[in-house]
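In what comes next, chain A is part of two complexes: it sits with chain B in the first one and with chain C in the second one.
Moving on, here comes the complex of A and B:
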């Protein structure tokens, strides 16, 4: 009789321990799922931040590209692109050698300069899209375009499209 | 005793979740690109507009037309362009056209103005705004100063954040 009572008590105790362990593991699983979801969101956010920084870096690089900048007596003019330099660069954009040269600087992106006022042509000076891309970030920066032969400045926009 | 342990674990998990919500989920995303674009836009927009040569106004640039308009604002400006428009009308329509082709299309909130007087009731060379943006709101601004016979003309470019 005493042995049977002791055995039932032990069974009850073991059942309790198993139930507590079960609840503990459920809570641990929920915690782990929550943690990994947060970690994934954080990694995605860091990825987009890096992508945005890359877009800013490319925009800065093109803004100070000597091959496109306006100069007067060797003095560089801020936020100004020489129209004839752009025409020359646009004519070379499909040359694989040129694409390879600029790939290190501009990566997988497209750089277009639009003449807004007076309305004029668009000049795509670099285009290197990946075969497949999920997203593209576009940055538009107002600039001046200088026509050296007419000695006129036009209002333009530098459009930087970065693919990922 | 086991219940005590379980309670402590639950409390720790709740604390962990609250900590994660506070520092990971509610963390504001960095606006590196937005802030860079805004600052570049404000400075470059003013420079590019002021430097632009008019399409059909005797080869004058926007700065000359604005200066003329500010000096003779009551008569609408002395410079008369090829198409018959005077400097004030020409510069107003040109700046409006540039803004409509760029910032309005990109849905950027802006406030752009130019004038010589600090009194807001006095006539301005031009004043444009988009999406209820005002210069007292948070954002980036850039000022350009042009000398005229009526004092210094201030061109204000303001991009709301």
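Moving on, here comes the complex of A and C:
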């Protein structure tokens, strides 16, 4: 009778230890789930920041693209795009070597220049959308367009669309 | 009586076994919990190291993008103590890599320390094609060694005066090269200006025997460079000499230790030149339509090259396209086309026509 009582007591003690461990691991799991959820949110936020940074980088790169900028005696004019260079660039946008060169720089984006005043044509100088995309960031930058033959400047907008 | 004694002994033994088992159980669970936390700590440490590398890589990317856009500038940028490995298309901090994209960058294989120097120059061939970005640190020492020839002395002086003041360099006469002192440098790049092929491979000064050394021999007459890498105690030539186009490309060779990386960066530059030349050629064909029968027309559009007569345009721009499409690129012929384009631009200015660049 006494032996049975002793054994029962041991089992109870063992069960107690197991219960404590069980609760400990449950608390640990809850902590881990909470931590990983916070981590996931911060990774998503960092991803968005990274995407925004990439969009700014592409916008900067196109704004300073030597093949499109206006120059006079090799001196670059700020925020100015040469209209004839844009027409040439738009007509050559499917040239394999040019595609390869700009793909490295602009990735999955679309770059369009619209002549606003006097109203004129739109020039898509680069377009590489992904097959499927969730979101796109669009930045519009006011620019001037230079017509070398008329020696005139027009107003335009550079639209930079970066796909995510 | 015996029975009672036996029962007591059995109970005692059972208690002892239970206690032992309890201790073993606690030890195993304790070890498991300890191992679990040790694993978490190690994983967190590795993750935070990667996170730090990613942060530095991202910041460096922003710095390099900014540096590329502000041409003609030199920047001394403090960075966290780290080692950055540069290649032609990427750079790495630990295992974390970042693509360089179209950026044309010249740097030593490893940039160590807590400061980096960036220097940007426009690459005009003759119109602006791209910007060259040179990266180095105060821990790299450049020893420029001209021969007695006038051309060599002139180039050495030009290099020395053009390099930004903060870049760790010195001008040493060739007879003094063996006596160059060790200034606690991590890396030394010996730049010898003499004729090629070199009579003998440049030797490493005795004081620099334990320093990471590499050499570049520049032949200003032939416009060629020969790369040398340290092989044991001597400097051995790497591949054949390479033609360089202008001072900007020459600075690229000066800052890049590896011949392979230099060639790769220059190929990226020639790819950009190819695209830019195509765009310029097309632009002037379009412009020529507005100047039919005038003095300007001939400058913009001429007959196509022998290999593609159907493609009309400015001969020199078409030549640049053809030269940069071929491999290897004929650098000497590019120089001729560049000079012709400069002359054409001057003539266009005299005739009051829209300029080429």
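We take it that the second predicted complex is superposed on the first by the 138 of 164 C-alpha atoms of A that agree within 3 Å, B and C clash if a C-alpha of one lies under 4 Å from a C-alpha of the other, contacts with A are read in each partner's own complex, and residues count from 1 in each chain.
The rule we apply is simple: a residue touches a chain if its C-beta (ideal position, glycine included) is under 8 Å from a C-beta of that chain, and two chains touch if they have at least 3 such contacts.
In this text the structure is predicted, and so the values were computed from the model without any measurement.
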item: First (chain B), second (chain C), both or neither touched by A:149; value: second
item: Partner chain in contact with A:139 - chain B first, chain C second, else both or neither; value: first
item: Partner chain(s) touched by A:78 [first = chain B, second = chain C, both, neither]; value: first
item: Touched partner set for A:53, first chain B, second chain C, both or neither; value: both
item: Touched partner set for A:42, first chain B, second chain C, both or neither; value: first
item: Chain B versus chain C as contact partner of A:17, first or second or both or neither; value: both
item: Contacts on chain A seen with chain B and repeated with chain C across the two complexes; value: 17, 53
item: Interface residues, chain A side, partner chain C - complex; value: 2-3, 6-7, 10, 13-14, 17, 21, 50, 53, 57, 60-61, 64, 66-67, 69, 71-74, 76, 82, 84-85, 87-89, 91-92, 95, 97-98, 100-102, 104-105, 148-149, 151
item: Chain C residues touching chain A - in the complex, by the definition given at the top; value: 7, 10-11, 14-15, 18, 22, 25-26, 29, 58, 61-62, 65, 69, 99, 101-102, 124, 126-130, 271-272, 274-276, 278-280, 282-283, 286-287, 290-291, 325, 354-355, 357
item: Parts of chain A lying in touch with chain B, wherever the complex brings them together; value: 16-17, 20, 23-24, 27, 30-31, 34-35, 38, 41-42, 45, 48-49, 52-53, 55-56, 59, 78-80, 116-118, 137, 139-144, 152-157
item: Footprint of chain A on chain B - complex, ascending; value: 2, 5-6, 9-10, 13, 16-17, 20, 24-25, 29-30, 32-33, 36-37, 40-41, 43-45, 47-49, 51-53, 55, 59, 61, 94, 97-98, 101-102, 106
